[in-house]
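What follows is a pair of complexes built around subunit A, which joins subunit B in one and subunit C in the other.
What follows is the complex of A and B.
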């Protein structure tokens, strides 16, 4: 029972950064922009959040947990958003190829994160690390509630970012299906020419969705850097975010562009990544688990051929640029 | 009506440009690199270093000694090879983001021979066999997404991306499982026997000659053959290709097999010529960077030589500024990213022009 409980908790903790990355990318892709720079933006968000909290801690005598959380989240969001803005400017205004721009953003963002992480480390004389107050702020569960036996541990002992990710997911799901702006956004992603013809500002929608989506993805990077589930919280580890961004892109497909399904898919992939630490599964080598998410994603891509339900398909204009003059 | 339309015409609008002369286009691209280096220089300056001496350090650490030059070439060769692999697929507008995986699969195939059959064959035969097998496996790995794209139109960008991680994950399994070096504490694939290592020519493994030959072959294949013509037509318009009687599915699958095969050959030279072992980082991101290289070169193989050499200089040079200035080597990724993004942006000024609102009514094109 204890093993099961620990396993579930570990799976949720492993799933959260993926969920941030995935719902950010869902918002982006709903506008028709396929931003393959998720990993780059996560790196940018991660390093900026760490820098924000680290310098805040250095600037004040007694760092406050709530203030450090706000600073970390805001810095991560803005920096990742800046990455997404570069992407938007290049693909929407300057009409560059989306795939290529996204990959260039990944190169830039990965370098940006490692570079500044190491610069901060050099300045701190070795490596950069935040103090116990801030570490705890990014790790601790809800006071009082978390002490309820079993239920407390299962539902209330996660750090605030887990709840933030869930809240953002629900807001996004509501936004995309129930609000006029959300429906307009989906129209832009499905058929920008038609959306343009009925008076929707295609450029504005694409910019906003991509930038805000990028910011949300960046929070996933903040989570990986600040949370100590993987052993190192509030420390810059070289290339620590490698691979998460691509997993997030995979989850978007796996979840067929639905935020709520992304929760389940992140959980599945999160649990696959931690299962070897809790259970021995015969016949399957632990290294093989790591491939499962990608195989599942390929399977979903293939199954889409047979399942022509409109809601499960990618936005029709995904990856295609829209130029009014070339309509 | 007319007057209202004129009133609403924006101050600036964007129009497609007639072909810009190659000289001017080259000038625009060159200036974009300068802009990127200036931004990078400002960054270096902000960190308290002298940009000129840092850039000097990059050049010195990558080009000015024979050892450095060889190390730079070892980076440029696979990058160029991967960019060449991507070119035919991209000409066809098949967004092959899977070179990383195709390289890895090629490397896996040659590693199998290097580990288990190195003594069985005379050296030249061994290298020819591994070369062919790597090409075939890389090609087959590229064929999978092509098959699904050709038959059912699945999204090839996402499909090829996922296949990368399946290939890399499989290497992780081999490393810790069946191919693990039993004599080591850390799980890794053993170093290859000397007989399984590619011979050097002028201090760099023979792969560089193969890649330079591939530059010429790719150029001829894409511009002077029937296949190349078919690829271009499919890339321009699938319907046109179909109406003119081309077998589009066959062309897509054939081209992706070739694309994957070339990437597989890059895997062959990385495993047998550079690393002398197999690891999950054998492809080392070359497959991704190559996409940008190929794109910025407008899929012209000769321009790819220049761009991949330039990026190799940055990467090798940044390692040496880490030792000499204490600037993290990740600076190379930042600079590379900046240059790529600036060059991507500059394409706009080559393809489009601004049209300013005219004072007089009418007279619009």
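What follows is the complex of A and C.
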């Protein structure tokens, strides 16, 4: 029973950064932009969030948990958004190829994150690490409620970012299906010429969706860097994002561009990545477990090829630049 | 003039060196149905696109209700009450009809599909539409989609409706329904413009008709005071004598026999409907028709590139037994000696690869010959040199990528290669598209040469003057059906023009 409980908690913790990455990318892709730079934006968000909290801690005598959370989230969001903005400028304004630009953003963001992470580490004399107050701010669950037996551990003992991810998911789902602005955004991603013809500002929608989506993806990076579920919290670890961004991109497809389905898909992939720590089958080498999430991803992507339902298809203009006078 | 909702004065639009509209002036009145008539490429759609904000005019003025306006985007056209329904519907497939109504309307907040549905119902009742607001667009038939488009325009308060070839995709029953709706709108004081090339529709529906030819506005009529023949003559213009040499057919032998050929496209529309004809060796069979009437599907069907039903029988020149081509792969069909040179709008699209040089493009036909695993580049290079020589292709050399050549030279290479394969049936579509006179003549001569060599030539053309002068027989397509086969020596441009615009030359509908 305890193992099961621990396993579920660990799965949720592992799923959260994926969920951030996935819902950010869903928002981006709904505007018709395929941003493959999720990994890069996660790196950027992660390092910026760490830098923000680290220098805040150094600047004040007694760091406040709430302030450090706000600084971390804002820094991560803005920095990842900056990455998405570069992507937007290249693909929307200059109409560069989206795949190439996205891959370049991944490379750029990885370098950006590792470079500044190492610089901060060198300046701090070895490695950069935040103090216990801030660490706890990114780790601890809801006071009082978390102490209820079983239920407390199952529902209330997660750090604030888990709830933030869920809240953002629900807001995004509501926005896309129930608001006029969301409807307009979907129209932009499906058929920009139509959207343009009815007077929707296609460029503005694409920019906003891509930048905000990028910012949300970047929060996933902040989570990976700051949360200590994987052993090291609040420390810059070289190449810490290590493929999570790519899993997030796969989850978007897996979830058929639906934010609510993305929660379940993230949980599945997240639980696969932590399963070896809780349920070991003796004759399977532990290294094999490590590739479970990736095998599942490949399997899912193959399955997706056979889907027929029109409502499960990607936005029709995904990956294409829009140019009004082209016919 | 009083009562004019919109006036266009001297509108001009150029695409590069091509003048799509040359000083066109016309007016659209309130409470009337105006038909804009013209052949393909006569600039009808371009003109209306300027009115609906898709294109920006290079010269001229637009007046709405007597005031000069500048229409810079579709949105601005909407705000002036101008709504255009394009041939390709501007609807978002994955949304419902109701959701499509409110796209882009400046109102934030919650989406209330019920109020939208109610407003739609009101419009539907007023004009006689039938739309389910909650149906997704992708579940709809073409006619339903069109209805949604029209309702959308009315929902947004359009007073002037422009419909681009609205009946091209409709069945006769649906057309009747649409016409009834358009008449209701006219009664309501709205202006309706239909862009069309179908004479019977013009006569049936419109109050006035404006004719365009090659970008020039050539006439305005009250529909009641004109007749189809007069309109056709204006549309196609006066016959031009071209003096293309036309040799006599020498002992024609049946090469191809097409029986009951039908083709249904992805949208479920029948693009070829029961086509029957024969092609003989030593003759040029012309295929005429407004573009999109099934020419492409017909040629592709014969070449094995398009799935068709019916039978295509091939009679080999060596007198051996006839072969059924339908169901064979393109490669097998090429082996039979059937060559297709199709020149699409962008010229390079089919048949040549822009980034490869002349010799390599020649090799596309022959790469499979010979037993050696290594490609034989010498033969194609020789062939390329021969084509360059004989057809006077202007090129720095045979090692130049094809895309660097001018359009005419690209076409010469394509046609030259197809001819070099010594076909027994040569199909050529739009071979002279965009070519100057001299180059065109070179290509006509090439085709005549093939004809004299006993090849069955099938030539799809746009220019009626050329078809009438070059071809021995002309098959006229209209809406995917054979509207008639006429003798090229005795027919006139007017006859072909009439066949193109109405089945059986309009004799059946007695217009």
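The definition used in the following text is that the second predicted complex is superposed on the first by the 299 of 327 C-alpha atoms of A that agree within 3 Å, B and C clash if a C-alpha of one lies under 4 Å from a C-alpha of the other, contacts with A are read in each partner's own complex, and residues count from 1 in each chain.
Just so we're on the same page, contacts are C-beta pairs under 8 Å (C-beta built on N, C-alpha and C of every residue); 3 or more make two chains touch, one makes a residue touch a chain.
Keep in mind the model is a prediction, meaning the values are calculated, not measured.
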item	value
Partner chain in contact with A:199 - subunit B first, subunit C second, else both or neither	second
Which superposed partner A:79 touches (first subunit B, second subunit C, both, neither)	neither
Touching partner for A:305 - first (subunit B), second (subunit C), both, neither	first
Touched partner set for A:109, first subunit B, second subunit C, both or neither	first
Touching partner for A:191 - first (subunit B), second (subunit C), both, neither	second
Contacts of A:224 with subunit B and subunit C, given as first, second, both or neither	neither
Which superposed partner A:288 touches (first subunit B, second subunit C, both, neither)	first
More subunit A residues in contact [subunit B versus subunit C]	B
Which superposed partner A:246 touches (first subunit B, second subunit C, both, neither)	first
A:178 touches, of subunit B and subunit C: first, second, both or neither?	second
Shared contact residues on subunit A - subunit B and subunit C	325
Residue numbers on subunit C that touch subunit A, as the complex places them	54-55, 73-75, 78, 90-95, 99, 102-111, 136, 138, 156
Interface residues, subunit A side, partner subunit C - complex	178-184, 186-187, 190-191, 193-200, 310-311, 313, 316, 324-325
Sites on subunit B touched by subunit A in the complex	13-16, 47, 95, 97, 148, 152-155, 157-159, 161-166, 169-170, 172-173, 175-177, 285, 288-289, 291-292, 295, 326, 328, 330-338, 340-341, 344-345, 347-348, 351-352
Residue ranges of subunit A touching subunit B (in the complex, touch as defined)	34, 36, 40, 86, 89-90, 93-97, 99-101, 103-112, 114-115, 118-119, 122, 243, 246, 249-250, 253, 285-288, 290-291, 294-295, 297-298, 301-302, 304-305, 314, 318-319, 325-326
